[in-house]
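Following this line, the structures themselves.
Presented sequentially are two complexes of chain A, the first with chain B as partner and the second with chain C.
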Partner chain A sequence: MLQYAVKRTLWMFPTFFLITMVVFTLINLAPGNPGGAEAEQQGGTTTSDAVRLFKQQFDLDKPILLNTRWALTRGDVRERIVVAHRLEGRAPTPAQLIAAKDALADDGNYLVQHLVGLLAEDPAPEIRALAADYLTRSASLPFVSERIGDPTAARDENRTRGAYNEAFKGWRCADGDAACLSDVTGKWQAWWEKERPRYEYTAGEKAWAFLFDTRFANYWWKLLHLDLGVSPNTRIPVLDTLLSKMKYSVSLSLTAVVLAYLIAVPLGVYSAVRSGSRSDTVLTIGLFVLYSLPTFFTGTVLLKLFADGDPLTWFPVGGFQSDAKELPVTTLGYLADVTWHVTLPILTSTSVALAALSRYARSGVIDVIRADYIRTARAKGLEEPIVIVKHAVRNGMIPILTLLGGFLPVLVSGSVVIEVVFTIPGMGSYLVDSINGRDYNAVMAVLLASAILTLVGILISDLSYALVDPRINLD
Partner chain B sequence: MKRLMQSGFAVGLLLLLVVIGVINTAQLHNLESRVGAIEKNGVATKAGPAVKATATSTASALAGTTCYSSAEEETASQDAANILDPLVYPSNWPAEIARAGTLKRQVASDPPGLNLLASNNAADLSEFYRYIGSKVALQSPWDPDHWYADLATKVTKSEDGLTYDIYLRSGVPWQAPAVDTKDPRYAWLAQPHEVVADDFLFTLQIIQNPQVVGRAANLRTYFESWKAIEVVDDHHFRVHFTENLYINQSVLLDLHPTPRWLYLYDEDGQKFDDATWGEKQNSHWYNQKGIGTGPFRFVSWEPGVKMTFERNPSYHLNKCLPANFDGIEISMLKDQAAWLRYLASGKLDYTQVQPAQFVAEIKDKKPYLGEEDLELLVHQEASYFYFGWNQARPMFQDKRVRRALTQALDRQGLVDGVFGGLGTVTSGPFDQGNPCYDPSIAPWPYDLDAAATLLDEAGWTDTDGNGIRDKVIDGKKVQFEFTLVTYGGSTEYENLASVYGQALQRIGIKMTPQPLEWAAQLKKTAERDFDAYSGAWVPGWEIDLFQLWHSSEADKPQSSNYVSFRNPDGDRIAEALRREFDPAARTALCHEFHALVHEEQPYTFFYQRKRPMLYWDRMNEPVISKMNPHRDARLMSFSSAQE
Partner chain C sequence: MTDAPRPSPVPAPEDPTWSEIVWGQFRKRKVAYGSMWGVVGLFVVAVYAPLFIAEKPFLWNAGDGWSSPWLATIFDRTVYPSGIDLFFNALLVFGTLLAIPLAWMWRRTAPLPRRPRGLVRRRWLTGALLAWFLSLAGALAADLQRGEVYYEELEARLEKDGTPPTAVWPMVRISPRNTDVTATMAPPSGKHWLGTDSAGRDVFARLLYGTRVSLTVGIFAVAIYCTFGTVVGAVAGFFGGRVDALLMRIVEVVICIPSLFLVLAVAAFIPKRSIFHIMLIIAVVAWTGPARLVRAEFLRLRELDFVASARAAGFSKAQIIFEEILPNAIGPVLVSATFGVASAILVESTMSFLGLGDASVPSWGQILATGRATSSWVLILAPGFAIFVTVSLLNLLGEGARDALDPKLRS
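Moving on, here comes the complex of A and B:
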């Protein structure tokens, strides 16, 4: 048993790694950029310094999984410059042009050695001038994150880097200024003599870059430092937002699940005992109707009936609690206020879970009721309630208890529909907003939280089988 | 027996479908005729029998009068060189304004942050700064050709137009930051500060610093003609331009100050260093709060829930344009269906109504939402909707083809049937409320026969009898088939595309709608990888045609001339308009351009949307801002005292 638990726990790590890889790749491949949408819309500023710095800060300039940029040749870089600036009579399509410009901006430091080469040796003066221009950006060192490690050291490092980048900012020329170009070439040559080792990659550095200078590896590096990153859209640390949203989702889902169990189990047992009777049929039909109603519908109907004043205004029209001004000051008052607000949403989410759970409870008990030992219990003269409660229900509940593990992720991820209908700012609506805003870090954080809880939930389910049913031997 | 049952079932199903179809059609028809009736009765102003006996419908004694906030301002206005105008109240200024209570309104989502320059760009952000911020001058919301004295009392312009002198109002205090200055950590912010010329210089420095990402990056193009800001003294600065462009003046007058004493320091009061201060703006510790010199002061923001503002007692325009409320509360309500619910329950003072809701719940249903005290106001938005034809593709290069596509679109029918009558068909690239729009140019009528003739003339005929027109282009036979990229989140556009598709099919054109999510649509238009797309545009009050229509922009990928409109006359007008300052001459140029695009049809101009707004009658009838209808709560007011 212990061995099994340990083995399963260890397996969770590679599984988790694969989940992160799949999810990360998928969301990064979706068209659009976080926060970049506006910039793209506003007249071709994607390759401006601001967007380049923005992309650097959030690793958006890096390839997603594998980095082969060290394999670029001088010819590749020249080709990109030619395309991006429509030189040598090229007429690239807009998509090609954007791709070339983005590549010149994104590849950053990997371009340096080729740009230096082009600046020194290319026959076309306009290419040399552009090479110097691109060098002022490619050679600049990206800022390091001040969120990992010692912030003072990081700040000092960034100050040094800022000054370093500032130094060669002006080493470029207007078109066709030959004197300027030779002067600038000299400056870059001198710089190159000093910096050469940094940009001529050894086999080891190439291998390292191939695997680790990527978005995904950087994400994991931060994850290992327990840093979920900063939202590129709001610039707020994702963890802070996550925690502030969690209170809404957890309190809603937890109550709903507990309530669903409390109602579903007695209902299921009742149905099982009266299996085939008219009341069982009515209950079954009723629950299936409830189960087939979509939550947005149930929610809206409940709001209409009990909040809109059509006919009743017992409950508020939305939200999690009253305005700060009207909020009761006592703990009890606060709880009452929240309860008043969340009654309808909880009813809505309970209604769905209820139907499924009670069906499981019913079939579990029916299976058991036909077992030999129940007949034995009855035969030895036990009263019917004791037979049911002590013998049948206890054993019949095994499958439904193990389902509990499956509810864990819901606690965190919340329910999008219910949160939107009842205007509760929980995790569900946060996830949707983040997907729409291409807020990769936020999407990852929410999905990872549910992934972990799913994994843990499944593990708990499996282990609890073995714990409650001695016939199951996991070893 | 089994067969009989099967066929019986099939027949039954068919009948059911037919019945559903008939009901649907009947409903649609009913709806269209009702919308038509409403249109005729003029929704454009106030809908329903306007029986408001309160003082709100009578204009104030202030209407048309001039107001000076200070003696300094009045003296400055005597200077003939001053390009600022004194404030004049509009004719519909409410008679009675109870300057009390809290205004409650909603927005759909949180802004990305509250730093006007470093947060990501969002329309919502400028709304909040209308409450907490103020600028060099105040563009009159009701008469946008006039700029009122705001932080500056006087602005003068040199003969050559390359230099502007700005004289600031003295003694304007910055609002206190929304922190607890009793906390020793924020003790460094306890000092009061006055708005000085250097605060404007700091704004420019932020915009020009490439390290600042957010909104500043998008603004940079507007500041390309800015050479420098020269601070003469604390209350006088001078702006030097490289070129005398029309747009310079409004960009300058619209400039807001940024408190250097706040944004150049970290949370502990440590100054950022020169090399990285720009980068620090992007995630500045104060970015989730706002600061300014406007009629309201930022109090708090709980993301996803609410943002609150309170009255600024030391607002410098308190004499003429004081805050109408003790405070403003803006709730974030993502589900637009909830807006009406919140309004009816009294949690909002006014709200906008979506077209579908308007048709289903509001139109012809007074009392609205069953409440006697709710009033309806329908007003037109300043933006227009259109279809863009990719003129880099051979299919759309002939203007006769583009006009045929316009005439195949039943614009009025769609506005009535699909958009609940909430719109006016438009014929050009300007807001109909702007003098640039030439009302004498009528939109091309919906006429499939005329469209077919135009296509015939352009050489598109159905030579192979497959029902689709074709033409030999560059030696290759091309079928007239294209894809229309539309915004994916809208059922209205789904309906529209199917109606349009059917009309096009009747004249032998096959159109396939492609609903796309916003980000995906942006990528397609930026890469010019589309045949046609549906879009919307806010032309703004000061017209500059360059970005959208100049041929040089067509060559820049990602710039907004997505449709590759290249026209020598268009270029000439766009260039002339940039340097024309005379209002009459500008209007003439605009009208010339309007006529040109009407003829050329680079876009099929579709319609300008109308927005219904419901408000409680404890409010005065809203004074609608011409530039930002319903996004300017400064102009809202209560008619009687609130709790």
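Moving on, here comes the complex of A and C:
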């Protein structure tokens, strides 16, 4: 048992790694530009400095999983410049144009050696001028994160890098002006002689770049430092927001799950014991109806019935507690206020869980009640309540007990729909808000938190199954 | 020694096949059998919706001869901009036409013995399907565009001029997409049976055409992931060993991915998302279910004698997997597919409710979201009821099918 538990726990780590990989790839592959909103604010030019910095800051200029940019040739780079600036009579489609411009902006340091080559040797003066122009951006060093390691050292490093980058900002020409070009070429040549080793990659550096100079590797590097990134919109660390949202979701879902179990088990047992009777039929139909009603429908109807004044206004229309002004000061008053607010959401999520749970409870007990040992128990003269409670229910509850593990992710992430319908500021609404705000870091964080809980939930299910049912041997 | 028995002129009754047994069991379950007809009814509503609600008259004569604007615009992208509508309209026109010879053939072949009957029916079905696809392709290629005449206004004008046209109209003359800015949030009336939404669109029309969207999402998403999951499960279960271990590791990973969250996140990051994206996303997270079911069945079946005999007969691996074992392993997949359609419909309506669906098609979840925003009972109850009925019917059907497949419950 212990051996099995340890083995399963250890397996969780590679599984988690693969989950992050799949989720990360899917989210990043979904067509849609993460820096899009920022780019629009900057007048739609994706090459502007602010956008470039934004992309660097959130690693959006890097390839997602694998980096093959060291394999670029001078011909590729020239081709991109030609397309991006409609030279040599090219008429690219808008998509090709944007792709070429983005590639020139994103590939950064990997372009330097080819741009230097183009600047020195290309026959077309306009290409040489553009190469110099791109060099002023590509050769600049990216800033390091100040959130990992020693912040003062990182700040100092960034100051040095900033000064370094500033130095060659002016080494470019407006157009193919020959005198200017030869002057600029000279400056870059001198710089290149000095900096050459940094931009000519050895096999080892190529291998390192292939695997680790990527969005995913950077994300994991930060994740290992428990850094889930900051929100690009508010600049607040995602982890802080996540933790502050969790308390709403957890308190809500925990109450709902406990309530659902408290109601579902007796209901299911009663239904199973009276199996085939009229009350069983009514209960089964009622629970089936509840089971088929979508959450957002139940929630909306409850809201309209009891909060919107059509016909009743017993409860508030949303939120977790009253505004700070009206919030009672005493603990008891505060609790009453929160209860008043969360009654409807809890009712909704309880009803959803209840329907599924009591169906499981009923079928669990029905399976057991036909077993031989129940007949034996009755035959040896035990009273019916004891037979049911001690013999049937205990075994019939095994399937529904193991479902508890499955509730763990729901517990913490809360139900998106319920939180949106009742405007509760929990993790579910956080996810929807982050999605609408294109906050990739926050979306990843919510997804990963939920994935960890699912993993733990499955583990708990399997282990509890083995603990409760002696017939199951896991070793 | 007696004479050898003479062949009797009446063929001996055939033993029932597995599918006939299951069908017999299923018919005994009245609720599930009724639900099946309910689902068929939903399909009829989806396919024949333009017969009840359309903005063009079936027949029109303004003194210049008879025409049928309804039929002329049935494949018109200006009148039915969504691919789903074109698909269902093709079912409506060509499907109905093809159903007549098929029904005739079905009747004719009923007395035949099983084998030739199956052969003939399969051939006819393939032919019909091919004919249907060709017709659909032809209709799409023709790219008809005749939707620019607004017959309702024309009729009013002609009546004012004193030359009323002769026209045969559908029961409700409206399109689910047309907006009437003068009548937003109108209460139910003779013109708008369930009133209008906040953009002035007819709710009844949207509800009816929403059946098309829901059924399409449900069925296509499930078809995609069941096909993929079945192939993965079949390969894992048949080959076992390392292949199985690797595939099951992948399945485990996908199971742990919080699916609704991922669906919402990915959907939101697609700029011009269509209903087809939504089906694909649902499929990406849901294929593990059928994969595990099929794998379990394959692990059990591959040890049985009929597989050994197929091997001995020199069948290829693909033949053994897909022709020998798969037909015996498909039952549980069909049951889970039924539940899958219900849950895919729920996922789609949840996405639309949260504003992450395809805004260009009428969807029940989107109507309900409008209802919540405007606090209107009709807009909440009507789509809620539609979703509830569809999901319940599918769940009841699935439960019936599950029980019918279970040999322990056979009576």
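Definition applied: the second predicted complex is superposed on the first by the 467 of 475 C-alpha atoms of A that agree within 3 Å, B and C clash if a C-alpha of one lies under 4 Å from a C-alpha of the other, contacts with A are read in each partner's own complex, and residues count from 1 in each chain.
Operating definition for what follows: a contact is a pair of C-beta atoms (placed from the backbone, for glycine too) under 8 Å apart; a residue touches a chain by one contact, two chains touch by 3 or more.
Predicted, not measured: the structure shown is a model, and the values here were computed from it.
Engineer: Examine A:447 and indicate which partner it touches, taking first as chain B and second as chain C; both and neither are also allowed.
Structural biologist: Second partner only, chain C.
Engineer: Could you look at A:23 and tell me whether it touches chain B, chain C, both or neither (first, second, both, neither)?
Structural biologist: The answer is second: A:23 touches chain C but not chain B.
Engineer: One more residue to check, A:300. First (chain B), second (chain C), both or neither?
Structural biologist: Both: A:300 reaches chain B and chain C.
Engineer: Touching A:421, do we find chain B (first), chain C (second), both, or neither?
Structural biologist: After superposing on A, A:421 lies in contact with both chain B and chain C.
Engineer: Contacts for A:458 in the overlay, against chain B (first) and chain C (second): which applies, first, second, both or neither?
Structural biologist: second
Engineer: For A:288, using the defined touch cut-off, is the partner it touches chain B, chain C, both, or neither? Pick first, second, both or neither.
Structural biologist: Touch partner of A:288: chain C, not chain B.
Engineer: State whether A:246 touches chain B only (first), chain C only (second), both chains, or neither.
Structural biologist: In the superposed model, A:246 contacts neither chain B nor chain C.
Engineer: So, does A:371 touch the first partner chain B, the second partner chain C, both, or neither?
Structural biologist: A:371: touches no partner chain.
Engineer: Between chain B and chain C, whom does A:233 touch in the aligned arrangement: first, second, both, or neither?
Structural biologist: So A:233 only meets chain B here.
Engineer: For chain A, give the residues common to its interface with chain B and its interface with chain C.
Structural biologist: 30-32, 300, 303, 308, 310, 420-421, 436, 438
Engineer: Quick one: in the complex, what on chain C touches chain A?
Structural biologist: 249-250, 252-258, 260-262, 264-266, 268-271, 284, 342, 346, 349-350, 353-354, 356, 365, 368, 371-372, 375, 377, 380-381, 383-384, 387-388, 391-392, 395-396
Engineer: In their complex, what parts of chain A are in touch with chain C?
Structural biologist: Touching chain C: residues 15, 18-19, 22-23, 26-27, 30-32, 34, 288-289, 291-297, 300-301, 303-304, 308, 310, 409, 413, 416-417, 420-421, 431-432, 435-436, 438, 443, 446-447, 450-451, 454-455, 458 of chain A.
Engineer: Applying the document's contact rule, which stretches of chain A touch chain B when the two form their complex?
Structural biologist: 30-33, 35, 37-46, 48-51, 53-54, 57, 93-95, 97-98, 143, 158-159, 161-163, 165-166, 230, 233-236, 241, 244-245, 300, 303, 307-310, 313, 316-320, 323, 420-421, 423, 425, 429-430, 433, 436, 438
Engineer: For a test of understanding, state which residues of chain B touch chain A in their complex under the given definition.
Structural biologist: Per the touch definition, chain B meets chain A at residues 109-110, 112-113, 119-122, 210-218, 220-221, 273-276, 279, 282-283, 287-288, 303-306, 329, 332-335, 337-338, 341-342, 344-345, 347, 370, 517-520, 522-523, 526-529, 547, 553, 556-560.
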